[in-house]
Amino acid sequence: MKMTKAKRNRLIYNVVTFALVIIAFFVLQSMIDAKTITRSLKGQLVPICCWIVMAVSLNLVVGISGELSLGHAGFMSVGAYTGAVVSGLLLNVYQIEDASARLAIAIVAGGLMAGIVGALIGIPVLRLRGDYLAIVTLAFGEIIRNLVNVLYIGTGDGRLYMSFLTKKLPEGVVMLVDGAKGAVKIKPISTFIAGFILVLITLAVVLNLINSRAGRAIKACRDNRIAAESMGVNVTKYKMTAFVTAAVLAGMAGALYGLKSSTIVPTQFTFNQSINVLVFVVLGGLGNVLGSVISATFLTILPETLRAFADYRMLVYAVVLILVMIFTNNPTIRSFVNRLIAPFKKKESTPGGDAQ
Amino acid sequence: MTAFLRFLINGVSLGSVYAIIALGYTMVYGIAKMLNFAHGDVIMVGAYISYCGMQYWGVPPVASILTAMVVCTVLGITIEGLAYRPLRQAASLAVLITAIGMSYLLQNVALMIWGANPKTFPQTFINGASLNVGDMSISSATIITILANVLIMVALTLFTAKTKMGKAMRCVSEDRGAAELMGINVNRTISVTFAIGSALAAIAGVLLCSSYPILQPTTGSMPGIKAFTAAVFGGIGSIPGAMLGGVLLGVIEIFGKAYISTELGDAIVFAVLIVVLLVKPSGLLGKPMREKV
Amino acid sequence: MSQQKTKHRSDTKMVPVPSQSIVPERDINDIPVLETRHLGIEFGGLKAVDDFNLTIGKTEIAGLIGPNGAGKTTVFNLITKVYEPTSGAALINGRDLHGLSITQASKLGIARTFQNIRLFDKMTVEENVRIGLHNRIKYDMFSGILRLPRYWIQENKQHEKALELLHIFDMEKLADEEAGSLPYGAQRRLEIVRALATDPKLLLLDEPAAGMNPRETEELMENIAKIRDQFQIAILLIEHDMNLVMGVCEGICVLNFGRVIAKGTASEIQANPVVIEAYLGKKKEG
C-alpha cells in the first residue's frame, strides 16, 4: 500500500509519542540506578504514570469522543479501592507473597471493576447530550464517592466480609476499607516499571483505537452525530466504547495509584481531581494524546519543584482553562494567531490529525 | 408527625434557596444556552461580601446585602463579557470548560482573599425570633427564605411577562437569530440576564449562610450543582419550574438525609437528577426540544 | 405512536393501497425500492407532511420539488427515520421501516446527503468515505487495538474502495485533505461519495446543486445519471434548480404545504396548472 501523507504524519506522531515515553523511562531508570534522582522526583514517578494514564484516557472521552466527562476521578477511585481490596485479599486470604503478581492482578481487577461501573453508568449517561451529559457524569462521580464513604470491607477466617451503610463486620476482621477512613493498611507495592508498562499499554490501546474503524466511528459521532447515524454508525455503541475503554484505563491507573501508599481516602478522588485531569487534557490539546502525556507529566512535577506554583496551582489552572478555551475557540483571536504564526509554519497538516 | 413537619418545612426552606439559585441557572441556560458553572461561586462571593460588610466595614445588614447584590451584579456582567461572550459561537464543550475554569478562578481568588478557614456567618435580622406553632418552632430564617423565594418568583414572572427587557429575553431564548433581526440587542439582553441571576445569587448566598452559617471558598459549589439539578428537574428555561424543582429537591434532600442516610444525602439528590434526565429530560415544566436536521 | 382504535363499522373510510403511482417501465418487474403509504407527521398539531404517497422504481431517478417550506426535507427525515411518522408507513424494498432507528434504516440501504452539509469536518476526505464503508468493510475493535492481520487486510480494502469511490468525482487527490477545508462544491460531492460508500439501494440527495455554479451543476447532472447507471440504484433528489430536475429526473413529485399536489414526468409537471399556480401564485381573475 502506498503511504499517504496523512498516514505518514500519523506514523511519525505515534513513533514520537512512544519514543519519548520510552526514552524518559530509561533516563529516569538509569538515574534511579545511579542514585542521582532527587527524592521528591522519585516519589513522583508512579503518580506521574497514573496521571498520564488518566489524562490520555480522559482525552479519549473528551477529545476524541467529544463528550465532557466530569467524573473521571470516580473511575479512578473505583479502581483504587478494588485494587486495595484485591491486593489485601490475595495477601491475607490466599497468602500470595509475590508483590508483582498481586500488583498485576490488582490492576487488572481495578480496570475490570471500573469498566463494569463505566458500562452501568454509560448506558443511561450516553443517552444524554452536551451539558446534561457532563453534569450527570459529575453526579455519578459524586455518588461513587458517597457510596465508598459508607463501604466497609475486611478479611478474616479466610474469607471476605463486606457491609454497607453501617459497620457490621465480625470481631477480629482485618479491615481493608473502613468507611470514611478509606482503604487502610495497604501494603504499597506499586513500582515505576509497572507504571511505565501501564502507560505503554494505554498509549497502544488509545492510539491504535483512534486509528481504526472503531476510532473513526467515534470521531464521526463527535463531528456530526446525525450524519454518523445516517451512515449506519451505531452512535451509542461507539460512545460507549470510548467511555468504557476510558473507564477501564482510569480504573487501572487508580489501582496503581492506590497501591503506592498505605491509605486511600475518599477525598482523594473528588470532583477537583476530575478537573485536574481535565486541565491536563485541555492544556495538552483536545484529541492530542502526546500533548496529554506531556502536560500530565509537567503539571504533576511542577507543583513539587516550584513551591510558588503549588500555592497558586489551582488559580493558574483556572486561568489556563479559560484562556486556552478562548484562544482556541474564538474565531477572531484564532485567525489573528494563525496570521501571526503563518510565516513560521510551512504548510503541513497537524500531526495525529486530531489536534484542534 | 412533628418531626415529619419539621423536616418538611426545613426541606421547603432549603429548597427555596435552591430555587433562587436555580433561577440564575435556568434564565442563563434559557437565554444564552449555556450552563454557567460559575453561578454557584457567585453565591459564595455574595455571602463573603455581605459578611465583610457586617463584620469589617460596620455596614448595617440590609446595606451589606445590597452591596453584595451590586458587587455580584457587576461580577456577573464581567464574567459574561470577558469569558463567555468571546465564545458565543463556540461548541458547548468549550463554553462549559470555560465556565468550569471560571468557577475555579472565583474559588481560588476567594481563597487568596479570605483564606481557607471557614468563617461563621453573623446573625442578622434574618435570624430573628422563631415562630412557635404547637410544639414546633420554625426559625425566622426559614420563614424569610420561603417568603423571599415567593416574592422573587412573582417579581421575575411579572418582569419577563410585562417589561420590554423581559420580552426581549423571551425572544432571545426562543430564537437568537430572529431576535437579532428584530433589532433586539442580544449581547445586552444576555448581560442583563447575567446581572439578574447574579444579584439573585447574592441574596441566595445570604439566605443560605443564615441557615447554614459556615462560609468558605467552596460554600457555593455544592448548592450550585444541586440548584442546577433543581433547574433541570423543574424544566430548564422555566421560571416556575425552577421554583418547583428547587422546593422538591430541598424536600427530597432533607427527607433523604433524615430517613435514609445522612452520608447518602448528596447521592440521593444526584440520583434524582439522573432519573429525571432519563425519564423526562425536559423536566417537570419544560418543553421538549427538537434538533433541526 | 397514534393508536387508532379499529372501528367495526360500515362507515370505515377506505383508501387505495397501493396508491396510484408511477415507476419507469424497466423497473416494473422489481419491488419498488421505496414505497410510502399515507406517510405523515404532525408537529404540535401542525401537519408538516400529510398523506404522502410515493413509489420509486428500482433504478429510477426521481425528483421531489416544491416551494420553500413545503415539507420536502421533512419527507427525507421521515424516510431516513430522523423522525418517526405519526401516520402511514414507509417501505424500503418491501420492508416496513416502522420503529427503526436512523442507523437501522441506513443498514437497509438508505443513504442521504444533507441540505446544510454535514461532513465530518475534522476528519480527512478519505476518512469521511471510510465512515460510509463502516458497515461494508468491517473488523472488530480488538483486531484494531491489537493490530491483528485482519486489521491490515480490511484497512487496505477500505483504502482501495475509498479511492475507487472518490474517483467518481475525480477526488482521489483530495483524499488527505481535511473535509472541512474543502470548497463548497467539493464538500457537496464528498457527501454524495460518502453516501454511496454505504452501498445504498436508495440515495437521497437534499439540494445537491445548492451553491454550485452552472458548470458544476451541469457536471453534477451527468454524474447523477452516471451514478445510477453504474450502481443500478434509485435516486430521489430535492432540488430548486429546475434545469437539473427536468433534465435528469424521470418521475417528479410536487409538494406544497405538506401535501402532494402533482406527480408525473417532467413534461407533465411543466404543463400542470396546479404546479404553476403553486410556484407562481394564482393568476388574477379577469
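Which chain is which? They are A, B and C, in the order written, and residues in each are numbered from 1.
In this section, contacts are C-beta pairs under 8 Å (C-beta built on N, C-alpha and C of every residue); 3 or more make two chains touch, one makes a residue touch a chain.
Bear in mind the structure is a predicted one, so any value in this text is a computation, not a measurement.
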Chain with minimal offset from the mean of all protein Cα atoms: A
Chain at maximum distance from subunit A, centres defined as averaged CA atoms: C
Mean-CA-position distance for subunit C and subunit B (Å): 47
Chain centre separation in whole Å, for subunit C relative to subunit A (CA means): 43
Centre distance in Å when subunit A and subunit B are each reduced to the mean of their C-alpha atoms: 32
Two or more partner chains touched - positions in subunit A: 226
In subunit C, residues with contacts to at least two other chains: 82, 114
Per-residue multi-chain contacts in subunit B, two or more chains: 293
Complex interface listing, subunit A residues touching subunit B: 62, 66, 68, 70, 124, 127-128, 130-132, 134-136, 138-140, 142-143, 146-147, 149-150, 165, 180, 226, 271, 275, 278, 282, 312, 314-315, 317-322, 325-326, 328-333
Subunit C - residues contacting subunit A, complex: 80, 82, 101-103, 106-107, 111-112, 114, 118-124, 126-127, 130-132, 134-135, 138-139, 141, 144-147, 151, 154-156, 158-159, 175-176, 178, 194-195, 197-198
Residue ranges of subunit B touching subunit A (in the complex, touch as defined): 29, 34-35, 83, 86-87, 89-98, 100-105, 107-109, 111-112, 221, 225, 228-229, 232, 261, 263-264, 266-267, 270-271, 273-274, 277-278, 281, 291, 293
Subunit C-facing residues of subunit A, complex: 1, 4-6, 204-205, 208-209, 212-217, 219-220, 223-224, 226-235, 241, 349, 353-354, 356
